[in-house]
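Each of the next two complexes has chain A plus one more chain, namely chain B in the first and chain C in the second.
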Partner chain A sequence: MNVTSSTVDSIIVIEASGSIDSKTAPEFERTAMAAVQGQKEVIIDLTNVEFLSSAGLRVLLMIYRQVKAKSGKVVLVGTSEEIQDIMANTGFLSFFSTADTMQEGIDILKAA
Partner chain B sequence: MTESNRIDYYPTHEHEGIKFRRGHSLPFGATMVANGVNFSIFSSAATACTLVLFERGADQPFAEIPFPDEFRIGNVYSMTVFELDYERLEYGYRMDGPFDPGQGYRFDKSVILSDPYAKVIGGRDTWLAKPNWDNVYPYRSRLAFEDFDWENDHPLETPAEDLIVYEMHVRGFTQHPSSGVKNPGTFSAIRAKIPYLKELGINCIELLPIYEFDEWENSRPSPTTGEVLVNFWGYSTVNFFSPKAGYAATGKFGMQVDELKTLIKELHKNGIEVMLDVVFNHTAEGDQRGHTISFRGIDNKTYYMLTPEGYYFNFSGTGNTLNCNNPVVRNMVLDCLRYWAADYHIDGFRFDLASILGRSADGTPLSNPPLLESLAYDPILAKCKLVAEAWDAGGLYQVGSFPAYGRWAEWNGKYRDTMRKFLKGDPGLVSEMIQRLIGSPDMYSQRGPTASINFITCHDGFTLYDMFAYNNKHNEANGENNNDGANDNNSWNCGWEGETDDPDINFLRHKQLKNALTLLMVSQGVPMILMGDEVGRTQKGNNNTYCQDNELNWLDWSAKETNADIFNFARRIIRFRHDHPVLRSPVHFRYWDYVGSGYPDISFHGTKAWSVDQSASSRAFAFLLDGDHAKEGIVKDVMVYVAVNMYWEGLHFELPGLPAEKKWYLVSNTDVPAPNDSFDGGKEPLLENQHEFLVGARSTVVLIGK
Partner chain C sequence: MERKTFPGTLDSLEGIRQEVKEESQRVGLSKKATYNLLLAIDEIATNIIMHGYEENDKSGVIDLQIDHRDNQIEVTLEDDAPPFDPLQHTLPTEEFFNKPLEERPIGGMGIHLTINAVDKFRYEFANQRNRNIFVVKVGDA
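And then the complex of A and B:
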């Protein structure tokens, strides 16, 4: 797992790759939570994420809760069909907007 | 204080590289704590206990840590182990102690035992995925995240009299290819079908057992088809705290807890309660020939009712009997139900063979059973519906007399039997029919109508369609030479055993289904419908489909179209019940006019108004509910008149007179082909003849006066 954060158009973009499970979730959490501190527009790019375990899903929800507390919004970009399916079945998907591409994600946030 | 400020954040012991320390005795089970997992387990007679840790799915454990004796407080072993991977961990125990069955001890330290308090069980993660039969530890205790985001959800606390219960099997509901869902047979698929449940109009689903069980238990080939017979129903609990992984689309990822909670949250959003059918009368360990999974190896004498010789009492008919009124077992049951109520927001529980819960350790029925009392007065369960199947396989039959403590309702077996006999045309039942239709005050005089769960069919027995298509059970596919299943079905095949092209017989069957649905929906008490009865589901005469993972149990969704007349009728008559509070009294009728409307709250009629024939040959009666008395006169409703004629010829019913400003309108008449057999609320046609109604042979008619 690898995780980076950057800023695009005042939007915080967190990009992860690999597998986010109980072993890697703490690092994902540390990086992501630090980056979204006080932010209202966040994109999490999951294009290169192969698997999200329960622990990984919980980090996404923690990010959501933190951003929501500032009345902000989180968009997931490039979520694979399998991950979307898992997220839908376990209820996590309902907290997020989803977009296929980064531009689409930016548009969703800017339209909000 | 931060976590690392706590002394118990740091280990004190090490075993083969695993760091641990003394744990906390409570809560029982495995609990995620700062930096580790706290394990705690009880055994009254073990001489030693070892914690066994596996990497998920591994053949052999990566560690076995004996509990140092100083970690035992009383009869409880506890230990906190550090730096475990919450998601990948599987754990179990070995218990050492005497093997002396005559004294009730069956310790065997060669067996790795599952934790009775585990929140997730691994090993049967996907329904019917072939297990490794040589697994050293087949049902593996695992950890669950208990931080689900419920947002503003809350159990619905629908008044019991307003419920319409739909008894459903998770897999059976959507496994049929016609369901058209993405993940057939799962919790997730039920969520996808919520629009259907709302269209039908039910507001509570009662799920057949969803505690982890092994569908492979006692599996064998069918003698008629050769396909594998399995434990489909699941009345054989492996663990009481864990949802069945094989019922979750995400079970293979270990996410069944979140998937089930998501389903419950979504059902609640749509006004639908969730009741669980819970099986606390026995476990999957069977008798002395069964596999040791957990309880037997941990504390056989505590968990099971044993004969003086150390054999298993078999009040459940399945080999063993859980020792429910032992104080330790009683606490486990209570902890379990509290967990499901608090952590899963479950709205109610239906207790399988609940009479066992009222027996003492030697099997004697107790007059004041501590477990039933504890459940009735428990603060967390205070708003949960508690429903007893008030009998057991040991001959105890308590319908009408189950120790209720003002809380317990019962599956009303007498309601079922009376309705069935009357529907097939048995004479002399009018007075009993009236009792059943008005909430069985003869049985529940103190407890009120909501003590009566009214049902005509349930998973156990014929479907409603088969009630009118078969005189006899046809259970050959179960492989027991048709010896299994009940023989006293009170069914009538309407003239031909099984499927037929005869339009008259088929019309009569549909009519009888509609009669049954009508009676159920106009009865005081709590109605329960069996999944699929609303579309005429058939089990081809099999009245004990516990082992059939196939079309005998899978709801065929195309029946909604092929039997559209039944579905539409069911939908309308359910809507009718919701629309009319006069059908849903929280208290028994008083049989007089206590609001000054000019009519008693309920009155009984027949072919002559104000006169009911209760003679031995009578098969017809009617009753009138006065809308001004709805909900004890608190709300206003219309007059509701129901005429029932199970005689083989039509009968003219004289209608009771209405106040001058009111007229009779037709809600339903099962004698008429669809679509004129029933009408949506507000579209009921005015009767041309306001004084008399010809109720057809074997028909029911519902009118409103407004």
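And then the complex of A and C:
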């Protein structure tokens, strides 16, 4: 698993790749939580994430809470059909906006 | 397939998923069913490692066995941690899933995901070992 954070048009973009399981989730959590501190516009790019377990869902939940506390918004970009199914199954999906591409994600945040 | 033994540590999760993925693809399990099977196994293996071994200050192994017969794939995980039946674990209720994410307790989703991800899941305690068995039908999408 790799995770990076960057800023695009004042939006915080967290990009992960590989597998987010109980082994790798702590690193995802550290990088993501540090990056979203005090931020209101956040994109999590999951395009290259091939596997996400409940440990990864837990981190998404923490990010959501942090951003929501600032009345902000989190958009998930490129979430695979399999991961979207799991998120729907656990009631997660309805709390996030989803977009197929980064540009679409940026548009959603800028329109808000 | 012959039995493969992995150390009961989080480093083993990827290797266990890889074995199951290769075998699932070999027998023609659909992409989605394969993903769900990997998820179920990962959740239970994580529980074995973190709650079965680490929390009890024990170290041990996870044995992985994959069988393909009668149009189904059956994956068995066996370990030597203290007896633990995931099905006796309290499942999150509907109330849990109806709660906004801000108010939900963190955790408690793993077993729910597991049960929903495979056609059959069962637990046995036999020969002083925990045995978690996952069954998925092959062929129907």
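As a convention for this text, the second predicted complex is superposed on the first by the 112 of 112 C-alpha atoms of A that agree within 3 Å, B and C clash if a C-alpha of one lies under 4 Å from a C-alpha of the other, contacts with A are read in each partner's own complex, and residues count from 1 in each chain.
Simple rule for what comes next: a residue touches a chain if its C-beta (ideal position, glycine included) is under 8 Å from a C-beta of that chain, and two chains touch if they have at least 3 such contacts.
Worth saying up front: this structure is predicted, and the values here are computed from it rather than measured.
Looking at the shared chain after the overlay, A:Arg58 reaches both chain B and chain C.
After overlaying the two complexes on the shared chain, residue contacts for A:Gly91 are found with chain B and with chain C alike. Chain A has more of its residues touched by C than by the other of chain B and chain C.
Shared-chain residue A:Asp107: touches no atom of chain B or chain C. Looking at the shared chain after the overlay, A:Ser19 reaches chain C, while chain B stays out of its contact range. Once the two complexes are overlaid on the shared chain, A:Glu81 sits against chain C while remaining clear of chain B. Once both structures are placed on chain A, chain A residues 21-23, 53-55, 57-58, 61, 65, 85-86, 89-92, 95 are touched by chain B and, in the other complex, by chain C. Partner chain A is touched in their complex by these residues of chain B: 85-88, 145, 147-149, 182-183, 186-188, 248-250, 253-255, 258-259, 261-262, 265-266. Those residues of chain A lying in contact with chain B across their complex are 21-23, 53-55, 57-58, 61, 65, 85-86, 88-92, 95.
Listing the residues of chain A that touch chain C in their complex gives 19, 21-23, 51, 53-55, 57-58, 61-62, 64-65, 68, 81-82, 85-86, 89-92, 95.
On the side of chain C, the complex with chain A involves touching residues 10-11, 13-14, 17, 31-32, 35-36, 38-39, 42-43, 46, 49-50, 97-98, 100-102, 104, 106-107, 109-110, 112-113, 116.
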